[in-house]
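Both complexes below contain chain A, partnered by chain B and then by chain C.
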Partner chain A sequence: MKNKTIKVDYLARVEGEGALYVKIKDNSLTDVKLKIFEPPRFFEAFLQGRNYSEAPDITARICGICPIAYQMSAVHAMEDAFGVTVDGQLRALRRLIYCGEWIESHALHVYMLHAPDFLGYTDAIQMAKDHPALVQRGLQLKKAGNEIVAFLGGREIHPINVRVGGFYKVPAKRELEPLAERLKWARDAALETVRWTATLDFPDFEQDYEFVALCHPGEYPFNEGRLVSNKGLDISVRDYDDSFVEEHVPYSNALHSIIKGRGAYFVGPLARYNLNFNRLSPMTQEAAHSAGLSYVCNNPFQSIIVRSVEILYACDEALRIIDQYERPDKPSVQVQPRAGTGYGCTEAPRGILYHRYSTDDNGVIIDAKIVPPTSQNQKTIENDLWQFIPKYLDLPSEKLTLQCEQAIRNYDPCISCATHFLKLYVNRE
Partner chain B sequence: MNKNRKPKLAVWKFASCDGCQLSLLNCEDELLTVAGKVEIAYFPEASSAVVKGPYDLSLVEGSVTTQHDAARIQKIRKVSKVLVTIGACATAGGIQTLRNFKNVNEFISIVYASPKYIETLDKSTSIASHVHVDFELQGCPINKRQLLEVLGAFLYGRKPNVPAYSVCIECKRRGTVCVMVAQGIPCLGPVTHAGCNAICPAYNRGCYSCYGPMETPNTASLSSWFAHLGVKEENLVRSFRSFYGYSEPFRKESEAHENKDRR
Partner chain C sequence: MHEFFLVKDLIRKITSLAHEQGASRVTGVIVKLGALSHISPDHFREHFIHASLGTVAEGARLNIEVLTDVTDPQSQEVLLENIEIYLAT
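Showing the complex of A and B:
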């Protein structure tokens, strides 16, 4: 019987996407597998032999939805290897472009990928027939984020202006003014988004998670900080490999990451929020409270509210950066490659993204390791389903499928398309 | 047009970063208009609804890297009246083709602890090397304005107006001073297909050819200019081997210099 089920799974793979495998025997759940079938693309392998300066352009191509995250982790890791510090306004501009990515990625997820689950539609286009203003607000909010990325980065997807040491070109202050006008609208729209998402219906589902996020003493984290958890982890990014390990499971092309000796952990907006609430701007904290969120949130279904809170924060932070901006003398600091190993970890919209590179004297990459947020959350997603499904065993298969899809989309997996292709195979014995 | 007769659009994904299909969702001002003109019948990145084929227009993103995908593209061709490939992966195999110059088994063991779980072909290939393609839209990522042009052309039954000239023309139009002539920065713009609006030179860097080869590129001439600028052979090889590294003109040029290096 088991072998037969695995064959069905290969059919799912014929469709080339992710799948969820659930087995129910005698009315109890006996197996859950989240399968990711994205074909391997071997970035770590072909980065070997490329120049350090190419890493931001090449790793951006891992993901069209969060290219800035890849570029930021790559440049920080290389700067760590070469002993370079980027601070002042160049550092602020890096936060600004990251704000843009959070806004566009979170708005895409909140309005176009996740909201249809809560409101009962197959997609945002169907939703727009009944809620045109709502979808328009989401699209325009997403556009505001994309405008920051396109302005600072050259274009929305795979921006070209980020380099090790800073940027190729930096803007004059007056050039940022039109962005600020747009962001003031976006901040209001984000506040509306927080209020609206707080009115959605959420399943009663709280778990005891280990949340992991960057923590910076003075800021809500984007590019820097220590790696901290609510269960005692507190390490420098350089020590990542001592605490985290990736496992290769037979049914997924994405590696599963665990904390050594403890297991699954949870990265992303919920982790950042729970570990950094005090570092949100005052208006963002106030909005979160008004929406009924306390400073800790353990229900992953409420991640849609937390993501909206982060959109609001990113708009607020972007406006602060633009307000305090003065054009730096040079668009980048001098970089002198040397042999060594560098570590970088930044907060992609979906959670921590870890890069490690070793280079030779000329800055040629001899080894690369990249751990995306989705592989870090995979085990937690499966654990959620183990806990979630038994409560809903009596639902017809179609409804159970929708519930499971929504539970997976809570994590905004970077293969978001894969969860939208999701095939649920319920094997009731 | 009768609502029931709207053309059916399908968006398919192979090995890729999802960026080119995201370009459609990034048409924030136009998306709902497009959705009013076509029936979005299959677009898993955006919708969980699936309308059965055949499809009037299929957009295909990503390259073929598994046996299974090689079979899947044949089926997609059969259910598609018009098939358009979008992006570097679909039109030339993409960044994944860097494996084509190496032994893929070595790559697998670098990335994965248990190589036996991984199934992959030894080469990443374009969609057109498997099935007939009606139009190829280049770019890594594609330009959303060009994508709207292709969709519009399809709706009105005309040829898409996507120029095949080089990035240099776009620099001239934009008024950007040539970074190679004025600053001595190596730039692949002279051999690269237009479409991005020559962003990189406008941001003070050379083009790195994420739009791939233009029509009839003179790569040998550009290589000799790179040599004048002091670009080493190995760097030249790498320049041609990125997002369009396995397109014929770029592959031949990089191989010519790789061999020179060995002599």
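Showing the complex of A and C:
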């Protein structure tokens, strides 16, 4: 018997890839297919037969970047089914934890994924050699967001403190003070981020999109509101299935979501910004205007500025919530399960995230439906590529790949390996 | 889910190495987390414990080193540095 140590040096890589197939005939683009190989996850099936109270923790596992969005859509859908209202400071804490998720997710995308495209680097590592301070600022901003999620959620990834009806535990006001100090720094850093992203060069590319986002009468949307678009859609979340449908496309494992009778639509920061500009805080509106943004932005490449504006808003909103916070008497309101169907839709960093659950008398889940933002944007991504690629047909494949990756990354699609996910196959005839 | 696949990939590699060496179990594992790998040591450890259940690496001592250099070429990676195995001769 003996022990032995083996030197390995093996890099673990995350599974999940996408590929873009482009067909060019006689120097004209004839086909575009964005394929996602990420294997089916069967979460909707996993949820069947589980208790309603398990939904926030199970759905949080769908994504390590936006678990709060999954938890929030799940709890709102369950509360809708059971006729429960969560308001006051508990509702405010839900906005606060959502702020944390937006900050960490947007900072990751802006600095680590999207900025290298604009600055001509293959990835953040290459960018860090020339711009170490920028990368450090991005990491620190992300950390500030993670700290909110870790503090309120119990841990920074797949948090465990969220429940139907509120939280398992809520903080005292004084416990929030260290967070506020960090967030003051983050708000300044976010303002610098807006100014910096505004200096990047953007391709001249605007399309006639249908933007879809939540719209709340008095606040920039996180958890609640009606589903509206710039082309006349105005429905309650309960009516989502009447207007939206998911289609299977034979070449991708991900479903494509469309508006019935109209087709592709666009969700995420650009949609929220365009439909809710006047609900941003005054300092955020001012920063957006100073960055050269109008009330409406139709250039998806400028989404990097809009994401930065949303980081700034999330920091500002988090500080407002902390300032006005008073510890509620109870960490949650009473929930009495009943048979029914509940609907929830919240604004994940990448766009609207829809959940629908049916339960029996005991709150056991009979049926679940989850529509993530990436599947809602896929058809619009493909449409963008149809318009974008013809301008770059003469580029060698390597440069064409970079252009296509950048166009796809505008949407911050949530695919494993998003930093280097794209394989481009060009078929020239 | 991303972390799940990442750790599962590591366990697959560890199992394969242990098998090649004729080891009955793995007693220690050393990994390095890159500065841009976006996974915390606690989170990694939790996933590792779950993923190793029922494998040769179940119960292995896990040593995690967190790297801080964002300019390191491997800063986005998780590196399996070495494994310690138990050989029944």
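Methods note: the second predicted complex is superposed on the first by the 410 of 429 C-alpha atoms of A that agree within 3 Å, B and C clash if a C-alpha of one lies under 4 Å from a C-alpha of the other, contacts with A are read in each partner's own complex, and residues count from 1 in each chain.
In the analysis below, contacts are C-beta pairs under 8 Å (C-beta built on N, C-alpha and C of every residue); 3 or more make two chains touch, one makes a residue touch a chain.
Please read these numbers as outputs of a predicted model, since none were measured by experiment.
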One more residue to check, A:Gly64. First (chain B), second (chain C), both or neither? both
In the overlay, answer first, second, both or neither for which of chain B and chain C A:Leu108 touches. both
More chain A residues in contact [chain B versus chain C]: B
Could you tell me if A:Glu210 is touching chain B, chain C, both of them or neither one (first, second, both, neither)? neither
Have a look at where A:Glu224 lands relative to chain B and chain C in the superposition and call it first, second, both or neither. neither
Looking at the overlay, does A:Thr122 come into contact with chain B only (first), chain C only (second), both, or neither? first
Now for A:Ala45: first (chain B), second (chain C), both, or neither, which partner does it touch? first
Considering only touches as defined above, state whether A:Leu139 meets chain B (first), chain C (second), both or neither. both
For A:Glu347 in the superposed arrangement: first (chain B), second (chain C), both or neither? neither
Chain B and chain C footprints on chain A, overlapping residues: 13-16, 41, 61-65, 108, 112, 123-125, 128, 132, 135-136, 139, 155-158, 416
Please name which positions on chain A make contact with chain C in the complex. 1-16, 41, 61-65, 108, 112, 123-125, 128-129, 132, 135-136, 139, 155-158, 416, 419
Which part of chain A faces chain B closely enough to touch in the complex? 13-17, 38-46, 48, 50-51, 54, 57-58, 61-65, 67, 108, 112-113, 116, 122-126, 128, 132, 135-136, 139-140, 142-143, 146, 154-158, 160-161, 163, 168-169, 246-250, 253, 255, 331, 405, 415-417, 420-422
As the complex stands, chain C meets chain A at residues 1-7, 9-10, 13, 17, 21, 23, 27-28, 35-36, 38-40, 42-43, 70-89
Would you mind writing out the residues of chain B in touch with chain A in their complex? 13-23, 25-26, 28-29, 31-32, 35, 40, 43-49, 65-66, 68-69, 71-72, 94-96, 98-99, 102, 104, 106-108, 110-114, 117-118, 120, 140-141, 196, 199-200, 202-205, 208, 210, 235, 238, 242-243
